[in-house]
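Have a look at the structure below, then the notes.
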Amino acid sequence: MQKPQHSESIIEQNCGAVRSWLITVACVVLCFAHAARPQTAPGSHQQLEQLVDKNADGWKQVSRQIWEYAELGYHETRSSALLQAQLKAAGFKVESGVADEPTAFIASYGQGQPIIAILGEFDALPGLSQQEVPERAPVVANAPGHACGHNLLGSGAALAAVSVKQYMEAHHIAGTLRYYGTPAEEGGSGKVYMVRDGLFKDVDVVLHWHPGDRNSVNNGGMLAVISAKFTFHGIAAHAAMAPDRGRSALDAVMLMGNGIEFMREHVPSTTRMHYIISKGGAAPNIVPDLAQMDLMARSPSNTTLKDIWERLLKVAQGAALMTGTTFEVTDIGSDANIIGNDPLAQTAQKNLEEVGGFTLDEPQKEFALKLQKTLGLETIPSLDLTSEIQPLRQPDPNLPSASTDVGDVSWNVPTIGFTAASFVPGVAAHTWQAAATTGMSIGQDGMMIAAKALAFTAVDLFSSPQLVQAAKDDFKRKLAGKTYYTAIPPDQKPVLNYRED
Amino acid sequence: MQKPQHSESIIEQNCGAVRSWLITVACVVLCFAHAARPQTAPGSHQQLEQLVDKNADGWKQVSRQIWEYAELGYHETRSSALLQAQLKAAGFKVESGVADEPTAFIASYGQGQPIIAILGEFDALPGLSQQEVPERAPVVANAPGHACGHNLLGSGAALAAVSVKQYMEAHHIAGTLRYYGTPAEEGGSGKVYMVRDGLFKDVDVVLHWHPGDRNSVNNGGMLAVISAKFTFHGIAAHAAMAPDRGRSALDAVMLMGNGIEFMREHVPSTTRMHYIISKGGAAPNIVPDLAQMDLMARSPSNTTLKDIWERLLKVAQGAALMTGTTFEVTDIGSDANIIGNDPLAQTAQKNLEEVGGFTLDEPQKEFALKLQKTLGLETIPSLDLTSEIQPLRQPDPNLPSASTDVGDVSWNVPTIGFTAASFVPGVAAHTWQAAATTGMSIGQDGMMIAAKALAFTAVDLFSSPQLVQAAKDDFKRKLAGKTYYTAIPPDQKPVLNYRED
Amino acid sequence: MQKPQHSESIIEQNCGAVRSWLITVACVVLCFAHAARPQTAPGSHQQLEQLVDKNADGWKQVSRQIWEYAELGYHETRSSALLQAQLKAAGFKVESGVADEPTAFIASYGQGQPIIAILGEFDALPGLSQQEVPERAPVVANAPGHACGHNLLGSGAALAAVSVKQYMEAHHIAGTLRYYGTPAEEGGSGKVYMVRDGLFKDVDVVLHWHPGDRNSVNNGGMLAVISAKFTFHGIAAHAAMAPDRGRSALDAVMLMGNGIEFMREHVPSTTRMHYIISKGGAAPNIVPDLAQMDLMARSPSNTTLKDIWERLLKVAQGAALMTGTTFEVTDIGSDANIIGNDPLAQTAQKNLEEVGGFTLDEPQKEFALKLQKTLGLETIPSLDLTSEIQPLRQPDPNLPSASTDVGDVSWNVPTIGFTAASFVPGVAAHTWQAAATTGMSIGQDGMMIAAKALAFTAVDLFSSPQLVQAAKDDFKRKLAGKTYYTAIPPDQKPVLNYRED
Amino acid sequence: MQKPQHSESIIEQNCGAVRSWLITVACVVLCFAHAARPQTAPGSHQQLEQLVDKNADGWKQVSRQIWEYAELGYHETRSSALLQAQLKAAGFKVESGVADEPTAFIASYGQGQPIIAILGEFDALPGLSQQEVPERAPVVANAPGHACGHNLLGSGAALAAVSVKQYMEAHHIAGTLRYYGTPAEEGGSGKVYMVRDGLFKDVDVVLHWHPGDRNSVNNGGMLAVISAKFTFHGIAAHAAMAPDRGRSALDAVMLMGNGIEFMREHVPSTTRMHYIISKGGAAPNIVPDLAQMDLMARSPSNTTLKDIWERLLKVAQGAALMTGTTFEVTDIGSDANIIGNDPLAQTAQKNLEEVGGFTLDEPQKEFALKLQKTLGLETIPSLDLTSEIQPLRQPDPNLPSASTDVGDVSWNVPTIGFTAASFVPGVAAHTWQAAATTGMSIGQDGMMIAAKALAFTAVDLFSSPQLVQAAKDDFKRKLAGKTYYTAIPPDQKPVLNYRED
């Protein structure tokens, strides 16, 4: 074996760490095999399913309407208003404009303990406008589109909430049900400000779902992310006549970039650091006095990411020192990774399996096959994926993943989420192919699965204090020794114009 | 002395080079002390001065009109048309739209040998709109302005041309007088295309002037410059989920930048290389598949610059190789340094001294003193500079300098130029303070000096075949062993939209 | 979910790849659960165990003698001679100095099919001389030491071979048994040249073991590695008086380094690229005309590594282009990753479990506990690890790993290996703590486990043509579509002085 | 003219600076044309010349003996002892081992004011051993050699001192004459510690000379230099198994290098910054915990260099911040530029012209012509240079130059120096060609010129209080507003082993 030649004791701690991680993984999978199972009244899930089916049409229309609005983060005025109106009409009390976010709101029903919350998102993505056809065809060129299916997300979550409320009313079930209208998930960290303002403080359990290309419970995972603009200020000078009198802000940005590249070897390999140079100088004959880097860093661990971010700030300081420039860090975004919850995951898995998937009908199949041909995949996944439920697994930190501000909620409240098959199998989020299905029946069929599984789980929680307690116990255990962290400064207001730069 | 420890024979060649350069400098200064002096008819300069004075008012108005137009390079439609109209009115034949440049033109009078040409520029600079007041006050915010005084340049050159024509007519002097209307000097390399199209092929001597803050003959100097956009193409990929599948065009631009920085130590210290990153990626979560550097390189020697540019192209190739990207080089600009001409310089110096400077009147002085206060200079130059003529000196390659496409003309035709005091002493070109005077009497007083010195020199040339021959001989001697080079590719048309990016 | 904003179809192929990989992993674990099991004669393992125990003393002494020799790669003259002498004495025919490696040899017994080979290494590591005591105490300061336990490796393999031979003789078993004396595993790629010379061409199965801190079967894994020296040549010049005349080889090395750093984001995260600057210039006042980088690259996949190495060569070319320098690549080392073999792995696992581990006696425990205290581990592994057998697992490409030239053998012959607990639990290879146990009873107790498991497996193979065939079938399947690659150029001889630079 | 587009007032201050510099240069050349001339007694120079000639043989032998010793900086034990012994024998009092430098000494004669000092160096250069033949032929391969002619320097200075003493005795001239034996000029900054210890505090004027390839007075010039080792400390880790646990000292050195490269554009173009990587990691599979840069920076201005050095320290800090490493700066060397002295320069010029050069005899010519052929020069200078005296010129900061610790003396005492033709014309210092002549008659002939010119000037100073006063006045004027600075820390002892690393 080729191993270090001159350094004698540098490996073992790491091996120890790896080993104990393996043990943890094994434990997590096994230890809750027989945890507290909810004792929901017999027949309740059947009644809930009927309620969801009964309410479905209206909410499918809402999902379609929001798909048409296709509003960007913090500008979801009409989408938010529509959801609020419908929830009010269904008997929820609505508080809007919370957390300094004009389109954020909380709809609530009932009172007392437990407090169970369902998350609803509704923002679209720039440039991904797409008709519900299996070839690239924007509704409006370069306009936003619902390529992440948040139109379904917000509507399906509301459909679940409204149905659970009806069930609670019918059965005089105590407790508080809340629907959180959460704007700007796509890069705006909308939920982080809601967490910061204490809006989740008294919640016992949070439920959420997300459109995907298969049905599965997501017990944690996703990458924590921090993003910001680093703006450097130097001294302008004529680059031919007096370059020695200039101090280049672009040099600082480039040296910061170099510093990041040199750092890559020395962060865990699951880390991601990526950036663009958003301002690289005004004219080539002037030493740039202004330059800017847009930086994102990610890690499966919010705690590790905090350390990495602090190192990145030092890289920026180093670049400033090297070049005689100054800098400020603005427009900070920050999403934590999702903390899983094993008792909730098992309940969710059971419920998702009980709901089952859905089978594409012939026109849907024809559409799906055409769409899959546009993906350029080597291996095309089977369309049967929509009818299957994936087994419950621990998230693998080495698999590709994205980020979400649900993570911050999950660091503060026991949280569990589903993916429901709303995209054609093989389709990834943030593609026009995703946008093509979120405005039509395939997406809506997936939304129904999600709404039912959410409703079952909510009612299980209202019915089983033990389950709520088990969720809380696991939450405590998972966060033992860890502190929630967001990189967003306490005095930074939501960056309402983050999409406009 | 501390000198190299392990390398034994690396210095001496350099020392030899330095030594022979010193000898050359000394020779240049001395050898032409008694060169061919023109034998212009007695009284001719006096008559010319009267003609210039007589024609002055109209051309001052033209200069003011072009100052008001303030049109950017290749878009000087009205400015060019006005000059053409006035020159036609004065009896010149005009050919317009030459060299694929809609605003370029040649106005000519007379026939036969010799052919003496005067250059006229008329383009403005972006963002430097300024009223004729001694504090920052744009006519139109962010609009172009004549901060390099090309409104005076083109008008003063025409005033000289018209006066010389009148003198030639009056005295039946043989030969051809031409006025070259040359657009887009500011970064557009307008004259280079005119040279390339052979428009200067038959010219014997070229005369030019430029506004400045003192009166002097410029016998060569200025920096050769090459500029271009380097656009790199990579492969986009999600920067969190599949960065290994991406090939970053931004990495290529940054490595090209690094390569340039490492090159600085190994080019002559009079070299300038400066750049911005004009495109640095679209979104930080995508590996950039497009990035762009705007690069300029300069040297007192066009020949040295050619070598440096070839090395810079290799740096770009290296960056592409390192990153698995490709690139193209577009929007190439190229100005040569100015080749001096000693017989012409001596004639010009004599004539400039004969014309003499001008003294600011009281209101002008008041204006000038106020303006000087805005300059933040440690040492404020005396206002007497406008009345003095600087001694004739060889250009020092180590002094700060800029670039001009007059250089390319001077590599093809014996060329000499003046600076006339049209800015307030201490004011640099390309400042609002320059723009403030080019639209008022101070600038126009400087223009008169230039017009007279140009006229004197033109008539000296028409009167003295020996002088023309001496100019040609010196031209040959100066370029012995050198080849004119422009980095602009033979198939590149003038980049008419270079100001629009 | 935050995902790409402007790039629509870049994810799905990757997801597909990940998915199919998961399926493969699952398949590998399951598909061979009921593969061909060897039908070795009853009682044979018991007889073999007795033979090994009988032969043990002599080979423990050999292991101790080689531990004392502690010879570096390609200079293991006495170690190799001792092994050869002992194997000759035991009835093996020995061919020495094979593959242009003075210390390489092949000892063989028997004839005909199958040909089963056992690998033996015997090189030490620089600077890790250590007495058999639980605190840092070199035998000779800065001298080499057996910190990777190759003294045990070579001796234990020979002990197995000799015992198997005795068994074959006793039972008239047909087939050929070979012991490969393979030098310079530590960075010298000794086996690669042996593979290249066809020395493994006719072998049916290769067995090997390696000291570790636990007992386990290693079914593939390890990192493929390529290493080389990149030597750049520039032009020296006095750095103060004529830096523009120099071309810096150090600039090239630094830009190559920069290029590698920028490449990190765009290789799979399991890749490793690491380097030193082995020559960085002679004197700071001279532009360096010589500079050198020592580079290593690694990947769990030899095929991926080939691509990465080709990209690294382009980085070097780019650096040369950027700096006007030239370079050559020398002293190339190359080890492939290990290709697992599932039928062999199952047999090996069965045999290892049959042999079982060993329990430390009281003095050993005392020693071990003291040694563990020097490790600075957060979690100290239990000493019981020596008595346990790890379950059979697929190697995880994301776990820390090293490299070995056994990999190249495994790309050419079905190969399986064990780790036996010869270090104190928690001790890593290449530490003085490892060297401390490889010269005493703990290491030798581990060696006994290895020798027995190797012997059992060898005899199983001699007894079961089906097992040999199953191994060959799996070998074919695993390498379908793949081609063996070594970066070592066909004309490069073993770099016998690679330790002397 | 192409000039800055967006920055309006960045040029003029610079232009002001340039202008005032030009004025200063002109003034310097002119203002002292009629300064105080010394009134030395008639015939004194003639007598001095005779004394020098009489004393010459012994000192030529001393110069040859030191040439044979060829001892490196701070190890010039025998060279220093020989000079001390000879000066004692000639009647000087000697204080040795001053300023913590074992080989430094002060030899003095006389008493009272003025105190006139002559500097003597005697250290050799590594690797430049060379016989007195016109082809490369070391006396001892790789051994040191007198390639900068300090054997002549120290001996010629002593020859002048002894002759002046004899003249003073003969004419009862009051005042103190000192000879400073100054070790380790080549990179050891020997004189700086002597200045720091106050050894030059009471001196009125310092005289010095240096071998060169022509005869000239050096009125200032040379580059100020600061050098140091930057040693970075990181955390070692196995580069394949745990690179994230490492912090690379080599990364820090490389980023410091990058930072320096980016800085080049933004320092005056007369600056020099050059470095090697003296320690670049121990083994490529270990993240380097130690790496080192050897850095030198130079400028014609000690004051500017101080600023640049402070910026370089910030670059190092930035690199440490970026990489999580620490660093220390050691082995600091520092030489100031030489401050000229116009009254002394004029006196020196007069005396050098009075002494005149020397003409090579036939064997010397033959030797010189052969030697010149080894130089590879495009233009070979005439051998007549040895017989000519160069005119007095101001040093050009843009011409190639080296550094000397005479600079530090000149910031503290009015100082003037000569170059005398001791190398063959065209030969540069620090070459074997220089070493070839410093041990034979050509070098010794040059030494005679120096000794005479030094003696004349010393006696002029003893004879003319006005001249001493004029020198002091000019000294004050030149340093008005400036403060002497050395980068050597107050607590750093002379780095006696600086040549051993």
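Per-chain residue numbering starts at 1, and chain names A, B, C and D are given in the order in which the chains are listed.
Just so it is clear, a contact is a pair of C-beta atoms (placed from the backbone, for glycine too) under 8 Å apart; a residue touches a chain by one contact, two chains touch by 3 or more.
What you see is a predicted model; the values in this text were computed from it and never measured.
*Asks:* Work out which chains are contact partners of both subunit A and subunit C.
*Replies:* In this structure, the chains that contact subunit C and also subunit A are B, D.
*Asks:* Using C-alpha centroids, which chain lies at the maximum separation from subunit B?
*Replies:* Comparing chain centres, C lies farthest from subunit B.
*Asks:* Just how far, in Å, is the C-alpha centre of subunit D from the one of subunit A?
*Replies:* Roughly 67 Å, centre to centre.
*Asks:* Round to the nearest whole Å and give the separation of the Cα centres of subunit C and subunit D.
*Replies:* About 57 Å, centre to centre.
*Asks:* Could you state the distance in Å from the CA-based centre of subunit B to that of subunit D?
*Replies:* 43
*Asks:* Going through subunit B residue by residue, note those that touch at least 2 other chains and give them in order.
*Replies:* As it turns out, subunit B has residues touching two or more other chains at 2-6, 11, 13-14, 225, 238-239, 241-243, 254, 258, 262, 265, 269, 274, 282-283, 285, 287, 400, 402-403, 430.
*Asks:* Which of the residues in subunit A end up touching subunit B in this complex?
*Replies:* Touch residues, subunit A against subunit B: 223, 225, 227, 238-243, 250, 254, 257-258, 272, 274-285, 287-288, 291, 294-296, 298, 400-403.
*Asks:* Sort out for me which residues of subunit B touch subunit C in the complex.
*Replies:* That would be residues 2-7, 10-11, 13-14, 236-239, 241-248, 251, 254-255, 258-259, 262-263, 265-269, 282-283, 285-287, 289, 311, 314-315, 317-324 of subunit B.
*Asks:* List the residues on subunit A that touch subunit C in their complex, please.
*Replies:* Checking each residue of subunit A against subunit C gives 1-6, 8-9, 11-20, 125-128, 147-148, 185-187, 210, 222, 225, 258, 261-262, 264-265, 269-270, 273-274, 335, 374-381, 398-400, 402-404, 426-433.
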